[in-house]
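Input: structures, listed below.
Paired with subunit B in one complex and with subunit C in the other, subunit A is shared by the two complexes that follow.
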Partner chain A sequence: MKKWTHEDVIDSIRNSGKVKPNTLVTTSSRFEQDLGIDSLDLVGILLDIQDDFGFEWTDREISEINCVQDIIDILNKRSQTNAA
Partner chain B sequence: MPRLVDNKNRKRLVIIGVGANCALGRTWPEAWKGLAAGQGGISHNEDRLPPGRFLSSYGGFVKGFGPVSDDTDERLSRLDARFLHLGLAAAEEAMQVLKGKEFDPERAAVVATSAFGGVDLQDNDRMKAEARGRLQIGPFTVPGLLINQLGGQISQHLGLFGPGFAPSNACASGGHAIITAALLLRADMADMVLCGAAESAFVPSIYNAFYTMKALAAFRSEDRATADPSQASRPFSIDRTGFVMSEGAGMLVMATLEQALKLQVPILAELVGFAVNSDGYHMAAPYQPRIEKCLGGAVADADITPYEVGYYNAHGTSTPVNDATETAAVKAVFGEHARRLPISSIKGAIGHTLGAASAIEAITAIQSLRNGVIVPTINYVPDPALDLDYVPVVARESFPTYALSASFGFGGTNNALVFRRFEDEEMDTRGRH
Partner chain C sequence: MKRRGSNIRKFLMRYFVLPAVRLLPPDRAHLAIEKIGRAEFYLNSRFRQHLISSIEEAKSRLGVSWDTLSTARLVAGRTTRWRLRDLLLDGKNSQKFLESFIVNGQENLENAIAQGKGVILLSNHFGAHLQVANWMLRRGIEFRFLTERPRSLSKVLDKYFRSEGPLGQKDLFLSRHKSGNAATASIMRALKCLKAGHVVLTTNDVRWNDNRSVIGTLMGIQWRFTSTWVMLAQRSQAPVVPVFCSMRPDGRHELSFLPAEQFAPDADHTKVIQQSLDRLQAMINAEPGNAMEFLDWPLDRSAGTLEVRVTPIETTPGQIIPAPHFDLAGKPVLSDADLTGNSH
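Right after this comes the complex of A and B.
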């Protein structure tokens, strides 16, 4: 897995073409309610992040993602596991 | 006030709107203009059909619209399947006539179909997944692949909430959709139906398979299509070698005459008869006896004699077997009248749009009745074995009362539609169009 920052995650979401221009994306943004991203678009974004960051989501991880922070939490956990 | 039922006491059904796109244009008026002028829309396009991926590069393309072009429908940005974009555009065009009209959307059905659906989206997503080295595949593959998604998108974006069907019957799909629409109206399940089909199946697995099974046109280097690709499709001609695959869409708004009168819209033509049957014979080859039954059945359903049919809009694919079989069937059904009957195939001009073909051809038959112009079979060079009047090369002025349009699909499925010119005196609205 590549090195990553919170900004990288937010950039991936912002550059996915699924967020309307001028929409604020923060770590607390919820995909459906705040960003207007439905579950199918979310899967598309997660596939892109997986490719860009070089890892593979588990089905369980994908089902637990509701907001940007959820992605960061999972990536943190994965980074710790990799480091250990 | 015209009678609302026919001589068989069935609800009279009329066409009140049409829309189409094909290799000759992005809208029906544009396409009709090209057809009537005897233009050819087939091209040799190595961008769309790159050698190395495709066994040939001849095709009929709707230019400058939809996925793989700069002009795409934002509403369908997640569904990059061209049949959806072409189909929704044609549906919107056909519905123009109802702008500002009040109708019950729950009584407006959608019968929109395709032979292959979103195979282009599926192919692209599969390739992306393979390039990633992943088994996971894009989340829009399944919704965009589904044939009934066309009806789904039409319903969603045009606000039609009545019954929805997607009768997929290979190269007869569009005609089957029109017949399904008629059945829904006669069963009182709807007051009007948006019906038709769309197709864009330019993926190697389909194009190359048609080519390998020798259904698609293949040319030697000295062939006239090499110098002029617009001559690749040549129905009923001595040197026909197969069909040329195309994309496009054709959509019609059909309503009961009662509903059309209520809406006060111009009536383009009346659907007076139809027939649909199954060969029970072969997976791909046509079967003349059952095609005869179908053609004869439609004429009988229209309550007319074969002599009254003044234009036969042919399936005319430009394959050796179809054009010979169809000619023989027409002779059997129309007898002596077959020699006087103008027959033409628009597939010479726009190629074979597969599932969409019979919808676009039905619209052509309707426009011929309205305009008194029979569009030609272009690229025609006589075949002594096929000796009927194929309206070669140049359009002909003619004012038939009845036109028959027929289509036959792989899997042994046939349909035939009989349209009648709607007379001025029957309605006072026609002149306003």
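Right after this comes the complex of A and C.
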């Protein structure tokens, strides 16, 4: 799995084309309520992150995602597992 | 009261009619069921009147010259056949079942599978759409459904739909009622299934309202349609094979696999979806007797936000009428931008 920073994740979401221009994306942004992203949009974002960072999401991980921070937490967990 | 009548009919059909009709060969069994539907057409005036109104409305919107009464009779019979889904197949051996199919373009499906990228089998609600799954199951073709879970199924298909595991069917079904990221997970799973080389069966005529739904015209009316299958095709680069399954007058089914299509990652969703809807519309126009699902659409008041309507305009004080969004020839009178901007 590629090395990454919080900014990489936020950039990936911002550049996905699913978030309206001028929308503030922070780690606490909730996909549906704050960013107006629905299930199909989220698929696009998760696939972009999957391609950019070189791994495959599990069903369980997908079910845990509500906000940007959730993605960061999952990536953290994966990084720790890879390092161990 | 209406529901009670419907439940009684279901009970009689399931426990008395079906066991008897199942003793017949598949084609004759289907014809017997059609006759029950036609009898209902003559006996139930509300049903008859509803069908005739639907067909008249569709004719005026589409500018087609169907014979109303014969189409209505045909649709009545086929509706009963359609309501039974695939329940007639329980207990039928595969050989007898497969013999009741006329298959066109099977090589289109086989060539697409041979590419090894998975196949998106693009179905719809025309004719006997569930029989596509039964045909593949009995031909030993591995497939998955990316649709809502069909109800009232044969035991064989029901068992197949309960398969679990990372590429299993059980968690792949979509639902308008599931919460959270269930739909996201289902679509991601479908991509995994395609990657594993499976056939993923989905539909192009699902009216849906989300950020990615696009406006398309079917039955002379503009609606919002899901674009999930286009996104899947673009992401996976899997070939898309359109399929139609007609109910034939002799009780058999005619399965037609069309040549595979492939969509570039930047293909315009609206154009792609409209092309697929135009193909479906051509089938409906040619075989209205297989269009049971669609004849109701122009009169469907439950579709709510799915139909693209413009905001009502005030004409005279106190009088509000909906602005027409089609002229008498069924053409939109406003641009797509107008319709999108004002839709609700």
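Just so we're on the same page, the second predicted complex is superposed on the first by the 84 of 84 C-alpha atoms of A that agree within 3 Å, B and C clash if a C-alpha of one lies under 4 Å from a C-alpha of the other, contacts with A are read in each partner's own complex, and residues count from 1 in each chain.
Going forward, a residue touches a chain if its C-beta (ideal position, glycine included) is under 8 Å from a C-beta of that chain, and two chains touch if they have at least 3 such contacts.
Not measured: the values here are computed from a predicted model.
Enquirer: Once the shared chain is lined up, is A:Leu47 touching subunit B (first), subunit C (second), both, or neither of them?
Expert: Touch partners of A:Leu47: subunit B and subunit C.
Enquirer: Given the touch rule stated above, what does A:Leu24 touch, subunit B (first), subunit C (second), both, or neither?
Expert: neither
Enquirer: With both structures superposed, pick whichever of subunit B and subunit C touches the larger number of subunit A residues.
Expert: If we count touched residues of subunit A for both partners, the winner is C.
Enquirer: Do subunit B and subunit C touch any of the same residues on subunit A, and if so, which?
Expert: Comparing the two interfaces on subunit A, one with subunit B and one with subunit C, the shared residues are 40-41, 43-44, 47, 56.
Enquirer: Hey, which residues of subunit A end up touching subunit C in the complex?
Expert: Touch residues, subunit A against subunit C: 18, 36-44, 46-47, 56-57, 59, 62-63, 65-66.
Enquirer: Enumerate the contact residues on subunit C facing subunit A in the complex.
Expert: 166, 171, 180-185, 187-189, 191-192, 210-212, 226-228, 231, 235
Enquirer: Along subunit B, where are the residues that touch subunit A in the complex?
Expert: Touching subunit A: residues 78, 132, 134, 136, 138-140, 143 of subunit B.
Enquirer: In the complex of these two chains, what residues of subunit A are touching subunit B?
Expert: 40-41, 43-44, 47, 50-51, 56
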